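In what follows, chain A forms one complex with chain B and a second complex with chain C.
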Partner chain A sequence: MEQVIANGLYLGAQYALIALGLTLIFALMNVLNFAHGQMYVLGGFITYTVYGQLGLPFVVALLASGVTLAVIGALMEKFLFRTVIRRSHREESTMLLAAATAFFFDAVILLLFGEKQRGVPKIVKGVFNDAGIIMPYDRMVVGALAIVFIAAFVLYMQYSRVGRAMRALAQDRVAAQLMGVRVDRYSMIGFAMGAMLAGVVGGLLVTITGVNSGIGGPISIKAFLMVMIGGAGVVGGAIAGGFILGMMESVGLTVLREYGDVTYLVIFAALMVFLSIRPNGLMGKPWG
Partner chain B sequence: MINRRSTLKSLALGAVSTLAIAAVGMPSALAENKELKIGFVGVTSGPAAAWGTSNVRSMQTRAAWINETGGVKIGNDTYNINIVTFDDQKDPKRAIAGMEKMAQEGIHYVVGPNVDDGAAAVRPVAEANGIIYFPYAFPKALYQKPASNAVLGMIANYQSGPAIYKYLKENKGVKKIAFVAANESDPLSQRDSGVEAAKALGLDVVAQNDTYQNDTRDFTPVLTPIVALKPDLLVLSGVAPANAPLLIRAARELGYEGLISTETAQDAKVLQEGAGEYANGFISVGGASTPEIASDSMKEFVTRYTKMFGEYNDESNTKVYALEYIIETLKANPKAINDVAEFKKTMDTFSAPNPFLKGDAKLSYVGTTSFGQKRQLSVPMVVNEYKDGAFQTLFVGSVD
Partner chain C sequence: MTHKRNVKIASVVAFLAIVFIAVPAAISASGRIDLYYTLTSVALLSIGSAGVWLTFYIGRINIGQGAYALMGGYVSAVLVMNHGWSFWPTLPVAGLFCAAASVLIGLPILRLRGVYFAMVTLTLTEVARLLALALPITNGAKGIVSIPLPGALSIFGLTVIPDFAVLQNSRLAFYLLAVTVMVVCFAVMYRLVNSRIGKLCQSLQQNEELASSIGVNIAYLRVIAYAVSSFFGGVSGAIFAAISQSIYPSSFTVTDSVNFMLNCFLGGLGYVFGPMLGTLVLYFGWDLLFQTGQFQLLIYSGLMIVLMLVLPNGLLSLAEMTRKKG
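Here is the complex of A and B:
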């Protein structure tokens, strides 16, 4: 059972980090970023290229993934989403745009990086094996880094000027604007941060799970699942959703293994019941 | 007086003249060759893109090679090969649309689809439109009478699995075996036939219900309970090349020390990058892959493929064959170009030298034992063992 809990906690940490960027963008702009998984994949491939192919230090690769995706996110917000939001009052317009960017990224990534699964050398070798728990050291490092990133993100949102402005935007866009918050600027920063988080987590996890051009869609779906559990647009909700999903997966795959692949069936069924009772998820929206 | 305008005009005229001279001077054979369209319907995007992409690229490499050397002579005519492709995205509905597109283009020979449900879905379209297709899917119903238009493009797991388990039982002392498969039709059906074969050999099957979502990125939770059972052999039924290194790595990191095998083709570089030294000893099925058996033509194919696409895919060691079989069968019976009934007749007696293997290996159609009729390409059943970034031949088998 110790192993199952350890697996769940590790999965939860990485899932929470995946969901953070998605929920941030949703909170700020009410945009369901369907391309979140593709951004994760792009981040993974950048780390693969910089660290795995060019042989530069892993930190540099991670930085390259984060910065590249932040720039892409900022450009997407400025030239695509801002324009669409300004011209269209229908929410589905941004959803369609997000879906289109997801398909676009899928095609570009396939063209640039090919169809093969890619991986990089382990950042830390060796396996921890004690007290009934087996956990490779690189997973422990990635899990710890994920928790550090999550904590840093929460603190930044809570105490920095930019974070306060973005929280104000998420709570009430019009009121924030009337109070002098520059909506366009902070929307762009928020979108860039969301994309950057996707890129960083992609780069971080390429050391464990590798990356391939086709996993963007499934990653997005999993991220949406976590956000739905925790409550769309709530940072704490995304973190809770990530840990809950990780733990459910770990326990389900052990307890239900004799019944075939019913773990996700059970998770989806539970989610349907849960959402019918709490349609806004655990923590609802907006931030309080 | 020479000015900018006249200079540009002269340059343009020069370029047009050069092109015209080049066009006139082109080999007449290339200009006069007829076109033979061969189709591909399979998956070239999404998580399983590697399967179809290796198909398409193998076909395109071989076609370019043939066209570059003057085309292929079938009967009295010489043809350039034109590969028409369709990405079915692993969706049976799209596979049907793809096969319909092939029919509209008058194509009679199609490679693919890559998975069971797609291959089953296109059957009515192929049969109604006189198309012979070469799936990489294993359901026997596709190849047994009354079906007659599908030709299996590779070795099926129910053919290679028993051979691998028997070899490992006799040579490595395997007694306990565990299966894990993705929750999709192909891997599940491969797992079921693998379990059946293992039981028939008297092996103790300690796990057979464990499955995972195909988009799983971390397999530790999936493998934790299986590794605890300490099987001698862990079979990754129908595993996609993208998932194989992740499963191997997770199993080894959890302390699993037994053997790991699969009956699908894999890529050495993907294993190296994804699992590193953990992949050493991993057993899979390949084609004319290893240096011990690959001919000079196979080596040239690999070189051309690498030059064309930047990187070779070891799955193409098997995928290289389908187009070769189509062309050689048409050469043996030119009437089959527009008449698949003639193609079917020829399949029963067809034999030609295998250009990709050393020695006097032959291309021929097999499958009589498994399907009751010759509806399978005779591809060498090369069982490989991965070692330090390359495959080594463990043993070579055959299918009748």
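Here is the complex of A and C:
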């Protein structure tokens, strides 16, 4: 039992960090970033290259993942999404763009890094084994790092000038603009931060699960699930959704083991029922 | 008015002549029989995309058409293989089964809007795949294989459609079948959109609360639209299963669902025939890029991004733009 909870918490911390980036982009731009999973994979591969191949310290690799993805996110916002939002009649058109960028990233990742599963050496050796819980130290370190990042992100959004501007933007774009918030600039920063979070999680998790070019899509779907559970565009919701999904996955894998691979089926079914009762998720604004 | 009408009739006749006479003639003249398969796929995918388009018409982003295509394929395959049905009756049954399922699923989830609906339908595709893997009747990951070709269909002793297995050119037969179904589907769509229900659906797209406040039964309308949409999905899936003579849980995945949606976007959401054009362009574009080998996906997605930047309202908006300028 303790083991299941520990696994759930560890998974949840990772998931929450993924969902945070997605929900941030959604809150600011009303864009559902299909490429989020691909950004995660790209972050993973950058850490793999810097830490696994070049042998530089893990912190440097993580930094490289974050910075590269932030730059990519900023460029995507400036040159792609901003243009399409301005020219299109319907807001949904950004979805086509997002899907196209997801395919594009898939192709780039495949060309640059190949289709093999890649892993890196462990960052910390050894296994924690006490009080009925078995957990490798590296997982604990990664889980703790994820929680630190989440806390830092929440504090940043809450107390910094940039964070305040972005929250204002998420609440009401026009009103924020009238109050003198530079909408374009903060949209770009927000998109960059969302992409950066995806890259950082990718970099963190490559040390444990490794990475391969095919997992982008499934990661995106998981991120969508978490955002739906918690409510789109709400920071608290993304964190809650991440931990709930992590816990459900951990519990489901233990309890439903004898029925075969049905954990996700059960989670999906539960989600459908849940959404028919609470269409906006736990904390979502009406109609996102 | 009559002039406009004449133009419309003429263009429909021209279109029918092209797909039923000119294309087969051109293919048999050039000997490129493989094109039949491509065009059949385009026709079938555009049926599915037409369904997605209809959900766009009521203001919902549907990324779950793959689920219904998979469902339709399995219904048809199971009826043919396990219950000894002929293919022809399974076609409407597959469609109706999907429509019924979509009513059950749609009643709760159609209350969702915007990205929520989009995300739920996306996960629906995954649910369908996982169900196909888990249920005993679908035969798991091995799928259902070696489904017989469609047999003869006769009414009152008169053979309307010959047995596909004895035909010399079953590709042509499948092409004609797919194109016929496609023409019927788009005719239905056109009729639907230009009817009273179509106008009401458009009011849903613009403002559901307002529509509901003047007495439009929005819950009923959106379920109907979603059911028709899923019917199309089921039919296209069933024919796909018949053509490939097999169906697997991976026959229609999230990528296919996304593609159904992209076809609509590319053609243009404001135009009934948008999904058909979008499918044709996307499918052929993908096929043509096959020669570029490993760069296929890169070029394809790159072109899609460029297209989106230049024509964010779909290919058919090009006509509108030139009209405005001229």
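Here, the second predicted complex is superposed on the first by the 284 of 288 C-alpha atoms of A that agree within 3 Å, B and C clash if a C-alpha of one lies under 4 Å from a C-alpha of the other, contacts with A are read in each partner's own complex, and residues count from 1 in each chain.
Here is the rule we go by: a residue touches a chain if its C-beta (ideal position, glycine included) is under 8 Å from a C-beta of that chain, and two chains touch if they have at least 3 such contacts.
Predicted model, so just to flag it, every value in this text is computed and none were measured.
After lining up the shared chain so the two structures overlap, which partner does A:L11 touch, if you call chain B first and chain C second: first, second, both or neither?
So A:L11 only meets chain B here.
Have a look at where A:S187 lands relative to chain B and chain C in the superposition and call it first, second, both or neither.
A:S187: touches no partner chain.
Could you tell me if A:T23 is touching chain B, chain C, both of them or neither one (first, second, both, neither)?
neither
By the touch definition at the top of the document, which applies to A:Q38: first (chain B), second (chain C), both, or neither?
neither
For A:T49, using the defined touch cut-off, is the partner it touches chain B, chain C, both, or neither? Pick first, second, both or neither.
Neither: A:T49 stays clear of chain B and chain C.
In the overlay, answer first, second, both or neither for which of chain B and chain C A:L110 touches.
both
Is A:S65 touching anything from chain B or chain C once the two structures are fitted on A? First, second, both or neither.
Neither partner.
For A:G210, is the partner it touches chain B (first), chain C (second), both, or none of the two (neither)?
first
Where does A:R257 make contact in the superposed view: on chain B (first), on chain C (second), on both, or on neither?
A:R257 sits against chain B, while chain C stays out of touch.
Same chain A residues contacting chain B and chain C, which ones?
106-107, 110, 217, 260-261, 264
So in the complex, the part of chain A that touches chain C is made up of which residues?
26, 32, 34, 80, 83-84, 87-90, 92-93, 95-97, 99-101, 103-104, 106-108, 110-111, 217, 221, 224-225, 227-228, 232, 260-262, 264-265, 268-269, 271-273, 275-276, 279-281, 284, 287-288
Can you tell me which positions in chain A touch chain B when the two form their complex?
3-4, 7-8, 10-11, 14, 52, 106-107, 110, 114-122, 127, 129, 134, 136, 139, 205, 208-210, 212-215, 217-219, 249-250, 253-254, 257-261, 264
Quick one: which bits of chain C touch chain A in the complex? Just the residue numbers, please.
Interface residues on chain C, with respect to chain A: 56, 61, 105, 108-109, 111-116, 118-120, 122-123, 126-127, 130-131, 133-134, 254-255, 258, 261-262, 265-266, 269-270, 294-298, 300-302, 304-305, 308-309, 312-313.
Could you pull out which chain B residues touch chain A in their complex?
Touch list, chain B to chain A: 44-50, 53, 183, 209-213, 215, 217-218, 220-222, 224-225, 241-243, 245-246, 253-255, 267, 269-270, 273-276, 310-311, 313.
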